[in-house]
Amino acid sequence: MVKIKIFSKPKLKNPILIEGLPGVGNIGRVAVGYMIEELKAKKFAELYSKHFFPFVMLHDEYKVHLLKNEFYYIKAKKANQRDVIFMVGDCQSLSPHGHYEIMEAVLDFAEKFNVKDVITIGGLATGELEKDPEVIGAVTDEKLIKKYKGLGIKFDAGERVGYIVGAAGLLVGLCNERGMNGLCLLGETSGFPIVTDPKSGEMVLNVLTKILKVKINTDKLEDRVKEMEKFIKKVETLQRKALSEINKSEKAPVNEKEQLRYIG
Amino acid sequence: MVKIKIFSKPKLKNPILIEGLPGVGNIGRVAVGYMIEELKAKKFAELYSKHFFPFVMLHDEYKVHLLKNEFYYIKAKKANQRDVIFMVGDCQSLSPHGHYEIMEAVLDFAEKFNVKDVITIGGLATGELEKDPEVIGAVTDEKLIKKYKGLGIKFDAGERVGYIVGAAGLLVGLCNERGMNGLCLLGETSGFPIVTDPKSGEMVLNVLTKILKVKINTDKLEDRVKEMEKFIKKVETLQRKALSEINKSEKAPVNEKEQLRYIG
Amino acid sequence: MVKIKIFSKPKLKNPILIEGLPGVGNIGRVAVGYMIEELKAKKFAELYSKHFFPFVMLHDEYKVHLLKNEFYYIKAKKANQRDVIFMVGDCQSLSPHGHYEIMEAVLDFAEKFNVKDVITIGGLATGELEKDPEVIGAVTDEKLIKKYKGLGIKFDAGERVGYIVGAAGLLVGLCNERGMNGLCLLGETSGFPIVTDPKSGEMVLNVLTKILKVKINTDKLEDRVKEMEKFIKKVETLQRKALSEINKSEKAPVNEKEQLRYIG
Amino acid sequence: MVKIKIFSKPKLKNPILIEGLPGVGNIGRVAVGYMIEELKAKKFAELYSKHFFPFVMLHDEYKVHLLKNEFYYIKAKKANQRDVIFMVGDCQSLSPHGHYEIMEAVLDFAEKFNVKDVITIGGLATGELEKDPEVIGAVTDEKLIKKYKGLGIKFDAGERVGYIVGAAGLLVGLCNERGMNGLCLLGETSGFPIVTDPKSGEMVLNVLTKILKVKINTDKLEDRVKEMEKFIKKVETLQRKALSEINKSEKAPVNEKEQLRYIG
């Protein structure tokens, strides 16, 4: 079960899909989340799935919030710009095969809007505090190297890491199967757990604004990241707690007195 | 596979769905179970699922009992009352994604009866013995705060806990996706494992009777809880035993003499 | 995926389904397997499933054998006898929810032959070497106590154990949902791992022959059990080995030199 | 989800399907991979599945590669030869039931090309460095012993090992269910983890060339194996890393200060 609820069906011309879900350093979540706010993108669809954690979150003291991924759009304002669909969200799949199912559903959805270009964002954990984090790129096709050159992307991901896990990797890998062009941008980050990295997020943001030919004031980024981080950290903590609850209940010792005989 | 067998299709007018499955302190199971008995609600449907534990229970020395969730109803007797569907049961899903599948099936079922309002009940584990347990609330929409105000519910769940796991949380979260109104009531309880908490159950029961505008004599509650607890404890013990059997069989060491060569 | 291949569709009159899969003491596997041989029952269908272990066995030095459950039948020869469908097999489901899926498929299959009565066989592990193992019973309906009385079955399973795990329990529990009558026979056995218990199997066999009103010479039982045991033990050993291989591969440490940076 | 993309539909006459996926010693991957290159087989289809690991690999510094299995074909050039479909790939299923689902999809695909004969290749881990590795065989039917005799295959797999795990075993086991003839070739190999065994691969290759009546120069085998090994090792390392990341995230301890109260 992957359900996508479409609130409105905007007419988009050759839109580009940009994904930024939580992950290492939360680079994508931060960069795309900030763009959505600054560009006043409009929400037009939501996704939820049985592959997410089986809990709801509580907002604003009393409000129940189902875990979701969300889709926003902006329309081009100038001749050299493009329509854009942004995908952000609370979480990724809990189960390994869920990643495939969700990303296939996202691409089915994207095809309805004639998406031909996809950009995903992730973090590349270096294990060190990065003073000048770089933005590393990987693509589905060699011709994209030319298209995205001169924007400060270092196309040597294959040398630095062997693979890209989860949404950021699979969405690009699967979009290739449908003849779409995919670019994965990875911001260098320390990779220390539950640390949102605004500096790396800003580097990726700078690349994205060049690709989209939009201007974004990054002055508020650090403050916004702090706000976002509170929420992102909460989801992460809850997920770890939920997992440990699940594990604990599975490992609860059986009281010997209550121990009944076994039947099979 | 989630199967709901409907024995009879009562004509219900604007019914409210109240869920009380086993969980922390078994608050919901106790409160809803007691209401069903006192209000002489009628069983009209049952649910079972491949997401439940793969065993049957034995009742009354010799009777085989498949794990189930059950649906009961009452019809309003006075002008200010409402028709009600109660959901109780033996257990929740064993697998994380099963929670989503079962709750979606419950809401499909509820929609057949035009359910617009849903109340779920859970326990909030405080880690301490609570002398005066409070009833905490969370809702799908701000307007419900007004609707349910003045009934002794403290709407600060978001401050005390970050999330609601399993049926009580997901049913409310998913009902919001269908335009239904959801309220989750959490009774404060110690959270010590396998302790059914009648005092907290009574507090929730008091809130429920106010919402439903029915009168319920709680004199027999403690006795009934003791009886219910025997059964609930048995299911819990069996589930832990079943899990430990499953784990044991998965970890059984291979006798070295029998160890065959490996092929792949 | 649960596939049942039907080789021939015998015309059976009010047949009774008797299940005996591997389990504690392999009581069912032994008792039903011996009946099939002695009564010269004919194989008419086979079942395999993605819920079985992902390996094939090797027979007779070189022959590949897919894990299976099998269906045999006999037709009544006397007026007081009944047609019977026997179900035996190599294994049960690997995954918890697979038990439900397979047993539902078995009951769909049984309904095609108008099966109204189902008997399943399991072992009741007592933790002690049983000199005079008893046969314990559990049923889906009180009326069956009368039907099966005077055959040496003790209907106090509920007092001795709380539940019946896997095929023997679920098949009876689910058949009740379809209006079929179910009896589960449990042979007392020590429950020591990988010990096939011919004595307990014989006790169950004696009950079964009384129910079916057939005569079976049990002289060859012990010899046949020894032969069967070789095969059953092999499957069990392989399953444990396969599980340990699966676990080992999941826990294989990553060589530190090869350790690549992480991306997400 | 198992998707097979067919690029072209070659007209094949009575083709034989030969499978060689990664496994113990990577015997199959090496032998079939080398044949594909030397015989200049043409790729005509690809398979990917949600049962593979949820990551993409990075090739050539910047190129995203989805995990896949691939299908190649050659057409007979002489009267005594046969058309052949080769199946190779990056990996096998991550989940146990995925093996069944993928192999069923492969056989559905094979049936479209009227495949009647299937050969799978695996490694038999002996735990010792093998100087003169033998090729062991297992078949679906006794008549195949005659067909494949005199080619240096020892048909005593059943004596040496009890089972064949994963693709190599299940593909042969399931093809038997469809009336296809199956042969599994196992090359003896040490079984030390992540060691590709070119010598054993060559022994299997020699058997395959005799079966297919083709000539293959094995001079370049050792060099090619070294090249292949780099890639195969990378996939294996990544899979273990991915698994350990999955496990780590599941076991991450919850910071006590952040520990929120539990709700259920």
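Per-chain residue numbering starts at 1, and chain names A, B, C and D are given in the order in which the chains are listed.
Rule of thumb we're sticking to: a contact is a pair of C-beta atoms (placed from the backbone, for glycine too) under 8 Å apart; a residue touches a chain by one contact, two chains touch by 3 or more.
A quick note: this is a predicted structure, and the numbers were derived from the prediction, not measured.
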> In the touch network of chains, how many steps separate subunit B from subunit C on the shortest route?
Replying inline: 1
> Over half of the interface residue numbers used by both subunit A and subunit B, so same, or under half, so different?
Replying inline: different
> Once you find the CA centre of subunit B and the CA centre of subunit D, what distance in Å lies between them?
Replying inline: 47
>> Distance between subunit C and subunit D based on Cα centroids, please, to the nearest Å.
In response: 34
>> Among all residues of subunit B, which ones touch two or more of the remaining chains?
In response: 157, 161-166, 169, 237-238, 241, 245, 260, 262
>> Quick check on the complex: what are the subunit C residues that touch subunit B?
In response: 93, 96-97, 99-101, 104, 137-142, 145, 155-159, 161-166, 169-170, 172-174, 176-177, 182, 184, 193, 237-238, 240-241, 243-245, 247
>> Can you tell me which positions in subunit C touch subunit D when the two form their complex?
In response: 1, 3, 5, 48-66, 94-95, 98, 234, 237-238, 241-242, 245-246, 249-255, 258-260, 262
